[in-house]
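Each of the next two complexes has chain A plus one other chain: chain B in the first, chain C in the second.
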Partner chain A sequence: MGVRITVTVPMLLSDCTKGRSAFELEADTLQGALQLLVAEYPLLKVHLYNEHGEVRKHVLIYYNNDNIAWLDKLDIPLAAGDKLRVLQAVSGG
Partner chain B sequence: MGKRVVLLIGTNKGLFQYSADLERKNWELKGPFLSGWEVYSVLGDSRGEGESVNRIFAGTSHAAYGASIRVSDDFGETWRQIEDSPSYSPESGFSLNRIWQLIPGAADEPNTVYAGAEEAGLFVSYDRGEHWRELQGLTQHPTRPNWFPGAGGMCLHTIIIHPTNKKRMWVAMSAVGVFRTDDGGETWQARNVGLSRVPTGQPEDEVGRCVHKMVLDPANPDVLYMQEHGGVFKSIDGGDSWFAIEEGLTLQDGDAPFGFPISVSPSGDLFLLPLESDERRMMKGGKLLVYSMRPGSNSWEPIGDVIPDEVRHVSVLRDAMTVDGLDPYGLYFGTTSGEIFCSLDRGVTWDRLPGQFSRILTVKTWIIEEQ
Partner chain C sequence: MEQSPSPSMRSESETEPGSNNAGERGDERTGQRERYSRQMLFPPIGASGQQKIAAAIVVVVGMGALGTVIANHMARAGVGKLRIVDRDYVERSNLQRQMLYDEEDVQHLRPKVVAAERKLSRINSDIAIEPVVSHVTADNAEALIAGADLVLDGTDNFQTRLLLNDVCFKLGIPFIYGGAVSSNGMTAVFIPGQTSCLRCLLGSGDTGSGGDTCDTVGVISPIIDIIASLQAVEALKLMVGATSATRQGLLSLEIWQHQMMNLKLPPQRANCPTCSLKQYPTLSQGDNEADHRPVTLCGRETVQIGGNRAIDLKLMADRLERSCTVTRNPYLLKAELPEGERLVLFPDGRVLVQGTEDIARAQSLYDRYIGS
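Now for the complex of A and B:
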């Protein structure tokens, strides 16, 4: 059994996540949770990642209080109560 | 059962719908749908069967979240994102930023839909939008390394299918030009001879023509018309060559006639919304004037003062003017300040429809059987 964590996504993307902007996932590692997120909700993939599999320029994915782009590795064991948040970087218009 | 006329209005803040009976006088407004998404392209398609007989396709995009196609089979009440939307492979080196155009396939192919993308590319679905594939003959054209994006993005904004020979199609791309296929999209040839050249800084002479919008003559499929960045042009040989048709259009001495949309009615009336100049890009003096060239004429006339007592210092974008197929036909356009205008007398007098939106990106008509 993996560890249950909370995931939040912007309301705009909730049509990719069965209408929910907060839900739970079970995984062992952060990497596993990121893979499971788009496996379970494949419509999210195009909105979070570009053609090269990189997180889009104005999308932020936070693991607790850390932008995953800051992390040296993603193979981090998850702990109960961890949070994964998809955020839109500040953009105008 | 009667028919209803639906106007689909794509804005940079969602999609709206007007509907009216065939008189087109009392418009009912619904929306916003797809709130928060840019809707650069939309298609109302009644060629389906069963529950999806009336399907709306919307090309949705967002500055942060990229682009995909969403469909509704209940006039916008609910939407479904297409998982296998148009996309480029990592190897292509291209990014899919927006969907600029959605058009139905040939009359005998009710499940076929085409999509024009930014970065410029052409996609096709043979199953009514569920799966898409790129027609790579276009993006693998030898001139592709010299395609240069205009400031609005390198968009494929116009797709035209020959009415009786579906193997022949034309596409037009901003800052690139016109390409034609005669084998159903497998191979393409640039068709830009005679067009003015905008400075793209690229060495390739075959491309670098900034087509803003192109239409096919309803009576003669060898005849095309376009509003180009540097003028207004006509072809009488299927795009093999082009010549200017600009008499009556000069708004500012020394400037080529500038604007974005061009429309043609079922009877061959052509319409433009000229802007003051390339540099200013607004209605001259705030006067919202529609120009028309009637069949048999060689010159443009300012036939419609849309809102005579007020000024509108606005523009109209390339996909924001359209004609319905009714008799008499309706002509519609939406402005960058979010107003929709309608004429039922060949563009001479105009009504402003109720409501005001954000920047209007696309206006399409859709004739449906009343439920």
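Now for the complex of A and C:
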């Protein structure tokens, strides 16, 4: 059994996550959680990653208070209560 | 520097100057005191803060939904000089959320900054308002922003934001980002020399894809007011020098399902071409052609073309009236084409082809009616 964490996605992407914008995942590491997220919700994958598997430019994925883009490694053991938050930089105005 | 009001500051501002016009100036001062009295009673602003606000030069780029709310706050707060910049004119679909405009502005095809200036000058005739009808490009961005104390973001795309980000970091001017779409909004304060920049947040890849826009997924008005007001309050803090109160981080709000997150801004990237390497790529590309290339305005069934040579509206009206229904005001000309599309011509050379998102079709109509 992995560690249970909370995931939030923008409401605009909730049609890819069975209508939910907050849900839980169980994984051991951050890397595992990110893999599981797109495995469980394959429609989400195209919104988060480009064809090279890189996080899309206007997508911000935060692990607790850090954007995963700033982390040296993703092989981080998860702790209960950790949060994975998907955001899209907002361009409208 | 943090400012707090003191009795001596208040009494100083209340002292009437001795001159022949003392009575008149006294009336003016009384009027000013009355106008801003509630704001001056707020201790972090006070009389000295009000003087700083009155001396400030603020630029609002983009006078759509965010920009109108921001400019309203700035004008009412008594910002000394307010420059407002926008390329568009008022359309009916704007009225749901762009709070300075009304049906008369739509009927008269008023450029947004012209309509905004009319409204704002009735709200506060003591401040200088400078409306600029223009598309912000690498060619004009520095001139539009130079001399400002801060720049407030009312734009609707990341391409222009990255341009503003480059100019602000080059000139050392704080840039207050805001964005809103659907029921979502984000805002952050970027200060050259103190924080990382918008490019650090977004990454330095292509700027073409900017996510969802108000024209594709819609927007509800309250998120606009909230985000723009958060931008405005940070502007007030910066103007009065309340630097320790400046909000850190990236604030993300979702108001339909009530999510609020205050997240860390990125650390300054060592290879960021804006805030670390000081290359300012949007300015140094020297790619003026890019500013004039036809672009589809996402979700608006509109292609924008041109901008590299001035258009004489009177001359074009005479020419187009032979085959089209033409409406004209001092700022733009609108022609209903027999093909069904509409052309909107601006004196700076820009042409909007409305009714298509097909660039080839738009270019063909442009060539047919404007000439290349």
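Operating definition for what follows: the second predicted complex is superposed on the first by the 90 of 93 C-alpha atoms of A that agree within 3 Å, B and C clash if a C-alpha of one lies under 4 Å from a C-alpha of the other, contacts with A are read in each partner's own complex, and residues count from 1 in each chain.
Note that a contact is a pair of C-beta atoms (placed from the backbone, for glycine too) under 8 Å apart; a residue touches a chain by one contact, two chains touch by 3 or more.
Not measured: the values here are computed from a predicted model.
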For this session: Once the structures are superposed on A, label A:56 by its partner contacts, choosing first (chain B), second (chain C), both or neither.
Result: both
For this session: Mind working out whether A:21 is in touch with chain B, chain C, both or neither, as first, second, both or neither?
Result: second
For this session: Go through the superposed model and pick first if A:65 touches only chain B, second if only chain C, both, or neither.
Result: second
Exercise. Can A:42 be said to touch chain B (first), chain C (second), both, or neither?
Worked result: first
For this session: State whether A:88 touches chain B only (first), chain C only (second), both chains, or neither.
Result: both
For this session: Considering only touches as defined above, state whether A:12 meets chain B (first), chain C (second), both or neither.
Result: both
Problem set entry | Contact residues common to both interfaces of chain A (with chain B and with chain C) | 12, 56-58, 88-89, 91, 93
Seminar exercise, completed: In the complex, chain C touches chain A at residues 62, 64-67, 153-158, 161, 178-186, 201-203, 205-206, 209-214, 217, 219, 252, 254, 256-257, 259, 261, 263-264, 266-267
Problem set entry | Residues of chain A touching chain C in the complex | 8, 10-12, 21-22, 56-58, 60, 62, 65-67, 69-70, 85, 87-93
Seminar exercise, completed: Per the touch rule, the chain A residues reaching chain B in their complex are 12-13, 15-16, 42-43, 46-48, 50-53, 56-59, 88-89, 91, 93
Seminar exercise, completed: chain A partner, complex, touching residues on chain B are 12, 36-37, 62-68, 70, 79-81, 83, 85, 87-90, 92, 94-96
